[in-house]
């Protein structure tokens, strides 16, 4: 079957590199004689007939722009009455021969379902958290660690001048990849992540041990989803999360970063300050690496769909972009694993000291 | 009198450019045949006899380094029994002919007192907040607005892609200079500062009016010391500050930024996120402008003391570094004034709409 | 007279901050009830009737963009037959009540002439070289020194690791401001500028003296218009410029930077490398400071013209934007003066060693 | 055999991330109970007995520093009388149980030879050019493309404002990886590399075709080793290299970038400017990615040597650090291959237009 017209949507959280993917798809599609229709606001565009034709003219100058010219939402057609059928009807009414869905776990799960219902769908993985399995890395992640590392670099000098503890809360609700890689790159003394619960007491121990050794400051990097046991709490009902409500049932002000900074100051008497980077990590111009990765994903996606494939996702493996089954990407979350945790053990202070003499890592 | 040996200390909060000042003092001093003694940890060094000799060798490679090689504290000798006398004794024991005190309001007030007690002291103004009177600008401020503006640039694209409100809390406890200049440079839609109390309702009005006009996102820049009236509160006991205690008398988690973001989301139903930049604004390598300014201050300070002056502070006026009376610098805080507030009125949306047609500014 | 419609053009070399000026003019004009007509390609737009209406919608998102949405040329209507009359005719045909001319020496000279012929014209100074008199600083300059300083920062580490000489050629055809300020900020060992002729031999002397003192590398910053006497040449016909032709009458490949690097290597035997930054210094996103400065210029320009003034230029003096006579700006070029040259003498090595013990500067 | 003491050297060209490798080796070695001896200036240190003991204290604060605290040279002991024997004698005199050689093709070839002569040697690959086979990527490369891409970003806006051609010469004497990836990331219109000879005429054709299509500017990215046929020259004796002498047998001023810019201007009449980035690409602070990569290489190298291995090099494959035979790394240079050239064909204009409709790439 000849592919004449392809749709493209961006869904889920924002991510640097989305525009580079769109530009690549449009550029390569033109060369292959394929029209591209932009579906606006993720799957919402299907339900609301919100689209725009994408030409090379329209995608000029967006290579280095953050955000996505198509907009993005978390709309799930399967939670809307008659949603799936409306998507299929639009697909058909627009005369699409295929769809490129750029998104994270949510978007790709929906892509899988529509593929199973018979639409030709190809996925492009996207998450700054880097927690999608099936691919070595997702675009956007490099920009996120680059932004977080720059912040840590700045904090180190002021921590040293003031003999303070600096706590940095970075993104990562379910996986600690940003905390781990930015923490390693920034020379953090403590790295706290969801994959490895820790306690306020242990963190304070690091800070105090460092002080005893004459290192008068500490850098603590904490993933927003890090599991940190509150003082006095039993293991059972641990954790301060930035999602747990306060005493009045309202979302707490301040997340785990603000909490840990306050506790360190109370327990150790050492002045502690917090930085919450938030969406600075997912906005703005992508790094060179993320742009190149996004371009490669985009070109491969349109070529794959032009060849008639469906139900596959683009993946980076051994420096090549290949197509892997969509279901592989969403079957399970890619968490920080042992080799990386051992690497953290090498470079962060004291906390897991006992493991230091463990057998060589194989990272 | 011939000046043979001069002390230098850095006091108060950390600030990008401190090392550039130290390097400039040492470099020029050597040419003038003057020895330089570094007093460590601000005024604390006098009380604890904590010093180091500073040579050009020692100050190589520090021009672009954040922090201060001398360390800094907020120690006030006048709050220590016999403190002032001990400072004078050390001054004399070390055979100092003069002292260069680099610091903000606190440090310069102490410098003034010691000058009045007979020591030869020259001040160099330093605050990232830019709220010292007597000088057009202080070094460190340009780095702070540069870091904050970069963050806002990144947030704008993601705010647009997601149709969200992004709240950025920047430094500025008593003066809103960082919020104003980074807000203007970053194209903020709301700028809230200590000098001009506002309300959560007014901020929400901006957000909603923008939405009604088809502008689907908003950027809200808030100084950490901004006065924001809580909903329901009477004018009288307004303000949410990040210093006010919570119901249990403990410091609140999260500051005014986190509070405002939560309120906007509750009141408007539009997703809102917060970034708290914290000490990222005062750490790390200084901008080119701050380095040049710091070098000029340093050279002028040692030359001024070499000429036998005392009780003066270096100041930038009309692009020249001159010496002004120390008392001028600390007499009153330099607040955001009318011309700058009118400039905010021009570029921020709606909030002060009624003032928009006011007579031309003279900024 | 009531001002209803104002034209704006950008002329001469590109400069970061032009779009911020345009945005400010349009934003404030709307509040004052004034229409803004963009004249495209500098004065060329008048001759070719090339314009576009500027609305706030059109100027959204350009605050941090380099370049100018109006384009720019060096077209001089006085060198075109009937040119001045055609400009006046267009001015009248478009029903303009005034014109804001944003540009450097060339553009502002033309603005002066048209003012003298009876048009209402207000100038906004623009040059990355900072060589316009009448104002303390022009926007774009801060971005230029910021880019150049970052480059020097990177070169220093590699120069040190390799024990090499790194030559950086920066912009500045007639004035050495970028070389001086970026050189000071980057810790250069030699700074060569148009205002102060030097010789290849003197530069090599610095490099060799440093080596003798155990400093194994050197950073040489050279303005593109620096006057450097060739070896063997008499004072009379000195200079290697990047404009002088080679033996075949064609423009030489490589400028003064490439020449000096080759000579240093030949004369001292020390490996030397050259970086020619070129237009990287004048492109791309402006610094926070340049954006704020540009916004202030833009607001003041439209307010000044709204008040009926003409023949004036916006200027920064003592941290205020004021209007000064246009003729002041173009009467003479602002060159690097004694206080700044003495500052260079303090921080650059050896070259002007004899001046080191000179009386205190008053920078 | 128990490993008690290991030497480390850095050889060949400078590269961002060298200090991160050194820090990682020292940190992990301490945990494994191994002493580390730094050999200064590459293999020169062996010949001149120039070493320093490396402690964690010595390697504090170097993670984000460019250059190498050990210095680097291109000294080849096999070109020195009795050189290899002197290296072996020093190895033995210093009681080394192994050596970690961090370097590019040259250094690793020497490492292989010493391994074959019986020393225990492990290699860590390093080259900003990314042209070492055996590993997917080398640290330093990401920093290089990041710096080059930032420069291209800045040039694009000014090229557009002025309707000019901007030529950027980037590093890459034998392989075009930096030109390809920075060119793709920066949206270049022409990418010229050593692997694919081109002509001045072809480049001008791109520029003119773009202009005919209404695209008034062009970005040309050229590797310093790009093969560009001079006008009039037959295929046989093509190329302008920055190493070929001028008519007087002296090295030419200006490289291929300056040459191409001049030719474009002459042939098309469109103003063209050149930027020569030079060593800015290999100096300064490494990107987050390069730091993490360097840390992983360092940890793996010391663990590998602790296990008694020799003759192997650390390599990144499928996101894991593994040990591969040293000879694999230096057997052949990794050149830009077909998938990447096809990717360039997709995004660069016109030049290789005929290939555009070629079968899908598999990058």
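As written, the chain order gives the labels A, B, C and D, with residue 1 at the start of each chain.
Throughout what follows, contacts are C-beta pairs under 8 Å (C-beta built on N, C-alpha and C of every residue); 3 or more make two chains touch, one makes a residue touch a chain.
What you see is a predicted model, and the numbers here were worked out from it, not measured in a lab.
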item	value
Contact-graph separation of chain A and chain D, given in steps at minimum	1
CA centroid of chain A to CA centroid of chain C, Å	41
Whole-Å separation of chain centres (CA-atom averages), chain A against chain B	34
Gap in Å, rounded to a whole number, between the CA centres of chain C and chain B	29
Of all residues in chain D, the ones touching two or more other chains	153, 285
Pairwise touch network: line, ring, star, complete, or other	ring
In contact (per the touch rule at the top): chain pairs	A-B, A-D, B-C, C-D
Chain A to chain D touching residues, read off their complex	24, 27-28, 31-32, 63-64, 136-137, 142, 145-146, 148-149, 153, 181-182, 184-187, 285, 287-289, 291-292, 295-296, 299-300, 303-304, 306-307, 317-322, 339, 343, 346-347, 356-357, 360-363
Chain C residues within the chain D interface of the complex	13-14, 18, 65-68, 71-72, 147, 151, 153-163, 166, 247, 250-255, 258-259, 262, 273-280, 282-285
